[in-house]
Amino acid sequence: MKDDFEKLLDQQPEKEPEPQERPALRDIPVREELVPRTVTAPDGQEIRIDPLQDYYCQAGPTVQTPAYTRIIEDLFNWARAESLWILGFGTGCGAIEMRPLMTPRFDAYRYGIQWRPTPRQANLLVISGYLSVKTLKRAIRSYEQMQNPKYVVGLGSCTINGGMYWDSYNTIKRLDDYLPVDLYITGCMPRPEALLQGFDDLKKLIRAGKAEGANKYAENFERYKTNQKRVIKDWDMPDYSW
Amino acid sequence: MQTLISQLQTRFQLSEFILQRDNLAFVTVTREQLRPLLLHLRDKEGFTHLVLLTAVDWIEDNIFQLTYLLGDRTAGCDIGVRLMLPRDVASMDSIHDLWPTAATYQRELREMFGIDFPESPRVDEDFILEGWTDLPPYRRDFDTLKYSQESYVDRLGRETKDPAAYMKLKLYPDEDNDG
Amino acid sequence: MSVRDLLSPFIAWKHLFREPVSIRDPFNREASERYRGFHQNDVEKCIGCGTCEAICQNGAIDMVIVEGVEGIKTRPGDSGLRPRIDYGRCCWCALCVDVCMTSSLTMSNAYKWVENDPDKFRYIPGVDKKEWDNVKQGYHRPDGHRLNAPERIEMPELEPAERIDSFVEIVGGYSVEQARLEADRCVTCGICVATCPTHMPIPEYISAVRDGDYERGLKLLYDSNPFSQICGKVCTRRCETTCAASHEGDPIAIRWLKRHITEQVPYEKYRDIIGGPLPATGKKIAIIGAGPAGMTAAFDLARKGHEVSVYEARSHAGGMTRYGIPEYRLPFETIQREIDLIVSMGVEMHYDTRVGTDIQMQQLQQDNDAVLLAIGLWLGRGTRIPGADHPHVYKAIDLLRRIRDGEQLEAPKSMVVIGGGNVAMDIARSVARLQKQQQGEINVTLTALEDKAHFLADPVEIKESIEEEINIIDSRGPQECVSDDQGKLVGLRSWKVLSIFDDQHRFAPTYDESDEQLHPGEWIVEAIGQMSDVSLLGDALTEKLEWDRGRLQVDDDGHTSEPWLWAAGDCVKGPDIVSAVATGHSVATSIEAMFEQKEAQNA
Amino acid sequence: MADAEFGKADRSQYPHRRPDGSLDIDLTSGKYLKLWQGPNHPGITGNMSVELTVCGDEVVEGKTHVGYLHRGFEKLMERRTFIQCFPIVCRICVPEPDFNEYCYAAAVEELAGLEIPEKAKWIRALILEMGRINSYLMYLGGQAGAFGQGVIGQWTTYARDLMLDRFEELTGARIYHMFILPGGVRDDLPEGFDERMEQTLQEVERTLDDVYDTMFRNAVFKKRAVGLGYVDPALVDEYGITGPVARGAGVARDVRKDQPYLVYDQLDFEPVTGRESDVYARADVRRRDLLMSVDLIRQILSKMPHKGEVMATLPNVLHWKIPRGETYIRGECSRGEYGYYLVTDGSGYPRRVNVRGPSYTHAMALLEKLIVNVNISDVAGLMVSLHTYPPEIER
């Protein structure tokens, strides 16, 4: 049996099933505020704006190469590992165990882990459980707005294979189809101790230079976008904005 | 509760009522009776609290059942007013002017069941779903497992065996095992 | 707003002097005693019934093949599969633990598992080694917390005092409500199906009982067993010994539920539900012996449209069910209903026709496309101890037949039965009834080589025998049938058995000769086994056929070394009604396949 | 409110109302700004968002957007058997999952005609009160945090975690306990539970003393919370307001008293009410309600029968069918009336389950009403004071 199973795994890249497009039963109207329009400035100048475009930061992601010497890269990785700043985006129920983690009982701060309220300051996105399609859209944007180097941790069984919402019409099943995941912590939901263990393992990965999720995302950008757009039917945002 | 029901029955000619327990009853009304009955219950009988408004899809009978659950919090009893709506012309009068919160329930019913409530505020706006293009998901003819399998990819490597079939295959390999 | 409001918050400063509340080493903190952590499975205890898979609302459990691991093998009562859990699905609700039929599945209090490969979160507890395999703490199903009823619904039965003086059927049958409750206990795992020789669709017909859809149930029964009414009463029910529910409670009363279905459908409707025969094919088959095997084959072949003739030496059909099983277990009426149904499929019956005497084997071979030998085991084996040739030393099978044939036997004052199988119980209890009717006193002694725990008889039979005042003496080796000076039989002399088998598991009993007893009896009945009477074959054919230690050698389908001759039933499989049915089916399939093959060659 | 005038927008800039009641907001005019608060925002309760239209730093219109946590529970339950629904319901409300378990179990028991053992009722009540304490502790941290007092959350989360330890030893899980199932509860109290519970309760009380001094008697908190988010008692019925929000407005409504369930008729308590009906009053009602729960737990532990079954005999759950019927079960959770409307059709699956969470009315219609004319910085505090958990809105 083990052999069969391994065979199946080997076949995975080629056997990746293509989900068939379901015919749309209704059109999604473009929201009013997203329609391109002309605005008259107080001085009378007319400005044409397209809200779907982000004119300043729309360039695609790039692969970040390691520093030119090993020792510098190790130093960087050490620094990265010791300052895991989590984006305070509670995407699902797992977020509830974040609060004990960040308060005195478990005190993640002593391990260099803390919450940040904005993607710009964070380098770790924790997907705390299931992702509804509506949140997936926000999670993608939040992830893209985070600065490199950045990491994604999938928390709970929902991120691995759909968890208990495996038959729900509104939640994704495999997080790695849509975002590059560096680490998974199983549990429903994982206890704070398991989260700490996960972050500790992530640190080790970062130090070893193996947490290359962001680069994977840049390299396979097209694939990720295709997957994302397949489930997010009303894609009304730039393809990438940072 | 019993006296209230009999009063209501004489007043509104209600066809059917079920006393589920001492403090909860369900009555079935017609479309015309609904509004006067709700008003009467709210203003005269003390059922001032709209507990919930929801629908049940009886697809076999081609009916949507709307349930307006009203509560009398001082007397501690509830009455569920049920209304049967044909499934193919699913449209009902809004009651958001009686209870402003009803607008939220009606928005949800519009989105999840496809039952229209003309004139209800923001009833056509997206409420829970976003970019939904399929059947309203709470309808019984919408198959969530199928949708999920077609839209979101499962992890590979899962395979299971039926104990009965596997045992027959293993213990009686020569027998006809297609059954 | 006051000064107090400005100063009061500074109370927070007192926390400067408190002990820190942080857990010093959060990485090694143990979860509570009851914590529902990662799964453990005692694979030796697990039977792979898949009930955990059935209850899992997350589709997290797969039943996978783990052959080759020590202790796990596909065998009756164990599917050889084990649950594999996908931790990308599990929600740790422990319903699988609560429902586990053997309590093999439990949970440890381990909770940490981090991976960067998401495909690694699938494992077979107990087989894939994990560090929490031997953790003692964690969730185990609490006492008394059951998700299904462990106890069987009592079957209404006659009390010993009511039944002992008559041959009226003991068992009453379930009421609809009782049957529904009993059927409700079944977890639909299906590990019984493979154990049943004829693979009856047990979970399906039990679910028909649950739904109250008896016509569906009857159709399922007769598709796999034309002796369903009889099996519903006297089946040896191997299924119940492997039932998943038997590990932590009583097995499901599968036999009684089968009986319940046959009782609920009006007999007039049977034939319509089962369906009549296909158009005639012109093929002819002769079947020797109208017992379960022969009649099953007749039923199958007649339904296919073939012309079937059954030759029966006695005056009634049913074989051992008719002449070997006492009436208090199986009334004549049940047998007759079963036979009538089979005959109604277009089977031609020749009663009182003994092959070899009234009609010759060669004749059958010439007139038919195939011949089936289903002659059963009608010769009782003897002990060959001194004095066993006394006229009042009988073979159980002969006595039973005489009783069932309606002969007015005069029961002896006392009787000794040798043997611990079902036949021994049957004759002991039948004679006990005669004694009660004729003399008002029961005096029957039953001796056997085995100790009580290893009797071959059904435990229910033993229990009921004791209730009926049969004196059962175990571990006795018969030595002599003792007669007095007038030649009148006085009893059986026996020694205490020390062991039955030798080191090589060969039959070689040893005795304690100092422990000698005389069991008084005017009659002694030997019930130690039966064999076939193959004299009907004739010398030439006997010579041609292949034999294996006195038994006719057949292949898996019942085909003998002669292309036109099949054999089925007790004479090839040993005494068991449901096995006889199974061989009847396989012979019918084999004959049918032969016809098809011939047709294909001719075409 | 004179000192609060600072920073107020120029009233002449305000949009006027159209005859149908909606606001005439011309976004291109430059007077208004549309601001999304959430879903990724620290000042939001859970994963939801409010679409604010502001004029200056004052909100002129707010619209609640939910659905970020929608998993379709009500649909999923329609394809799960009655026992299979039991693990899934608790996920509807993370901080206080037990109410889902209780309401669902009670609804199933009522329709299936199942009587549960006496002791199971006491254990259920115990669990519900423990959950209420957890939820309130979390709320207090959130309410203080919304006004910038981070330290309260540090203390209350610690106290809550001690209570989670009690949950863990009783139920075998920290967050999703999955302990109350149709027919009773999984297991009896563990050995020595009472003493450990008493220690935890004392720690909770100690924490609350500190919270009282640093939060409720704090000039900053008072200044921000008093007068904010006034709910007219007349709105209580109109907007379906329940729980502490209604009690903060002086409407003494508590399901535990109005329609006693489980063993609440054998316990001695009075609903806690406030008067001012603002954020401060609601916070205070919750604080006192929390103390009442502490007292209730002590009562439950002392009055609970020592011996007895905790689980009724269930039919085989794998094919458990429940006759056709419908019912509604409610309970008083920390946010208000929690209810399950269950419809069965004689099959092995629920026909329809509708979950009525108190946030459904509080965070939608009520919040949209209260949010008008509130300063942007107070929006978070206002939302928290309605004690919103988005999953029970969208489920």
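We just call them A, B, C and D in the order they show up, numbering each chain from 1.
Just so it is clear, contacts are C-beta pairs under 8 Å (C-beta built on N, C-alpha and C of every residue); 3 or more make two chains touch, one makes a residue touch a chain.
Note that the structure is predicted; figures quoted are calculated from it, not measured.
Asks: When you average C-alpha coordinates per chain, which one falls nearest the overall C-alpha average? Tell me, please.
Replies: If one averages C-alpha positions chain by chain, the most central is B.
Asks: Per the centroid of Cα atoms for each chain, what is the distance between subunit A and subunit B, given in Å?
Replies: That pair's centroid distance is 36 Å.
Asks: Where the CA atoms of subunit A average out and where those of subunit D average out, how many Å apart are those spots?
Replies: 30
Asks: What whole-Å value do you get for the distance between subunit C and subunit D if each is reduced to the mean of its CA atoms?
Replies: From the centre of subunit C to the centre of subunit D is 56 Å.
Asks: So the centre of each chain is just the mean of its C-alpha atoms; given that, what is the distance between subunit B and subunit C in Å?
Replies: Computed from C-alpha means, the inter-chain centre distance equals 49 Å.
Asks: Mark out which residues of subunit C touch at least two other chains, giving numbers and ranges.
Replies: 21, 31, 57, 64-65, 86, 88, 91-92, 118-119 - these are the residues of subunit C that touch more than one other chain.
Asks: Check each residue of subunit D and list the ones that touch at least two other chains.
Replies: Only 67, 70, 72, 75-76, 79, 87-88, 158, 176 qualify.
Asks: Would you please write down the residue numbers of subunit B that are in contact with two or more other chains?
Replies: In subunit B, the residues touching two or more other chains are 129-130, 137, 142, 144-145, 155, 157, 159.
Asks: Chain adjacency by touch: line, ring, star, complete or other shape?
Replies: It is complete, because no pair of chains fails to touch.
Asks: Which of the residues in subunit A come into contact with subunit B in the complex?
Replies: Against subunit B, the touching part of subunit A is residues 4-5, 8-9, 11-12, 15-17, 19-20, 22, 24-28, 133-134, 137, 160-162, 166-174, 177, 230-234.
Asks: Please give the residue numbers of subunit B that touch subunit C in the complex, ascending.
Replies: Checking each residue of subunit B against subunit C gives 155, 157-168, 170-172, 174-176, 179.
Asks: Which of the residues in subunit D end up touching subunit C in this complex?
Replies: For subunit D paired with subunit C, touching residues are 80-81, 83-88, 151, 158, 165, 168-173, 176, 178, 186-188, 190, 210, 213-215, 217-220, 222-223, 309-311, 313-319.
Asks: Using the touch definition from the top, list the residues of subunit C that touch subunit B in their complex.
Replies: Residues of subunit C touching subunit B: 48-50, 53, 61-65, 74-76, 79-81, 86, 88, 118-119, 122, 189-191, 193-194, 199, 203, 556, 586, 589.
Asks: Tell me, which parts of subunit A touch subunit D in their complex?
Replies: Against subunit D, subunit A makes touches at 33, 37, 39-40, 42, 87-93, 95-97, 99-100, 103-105, 117, 119, 130, 132, 134-135, 138, 142, 164-165, 167-171, 188-189, 191.
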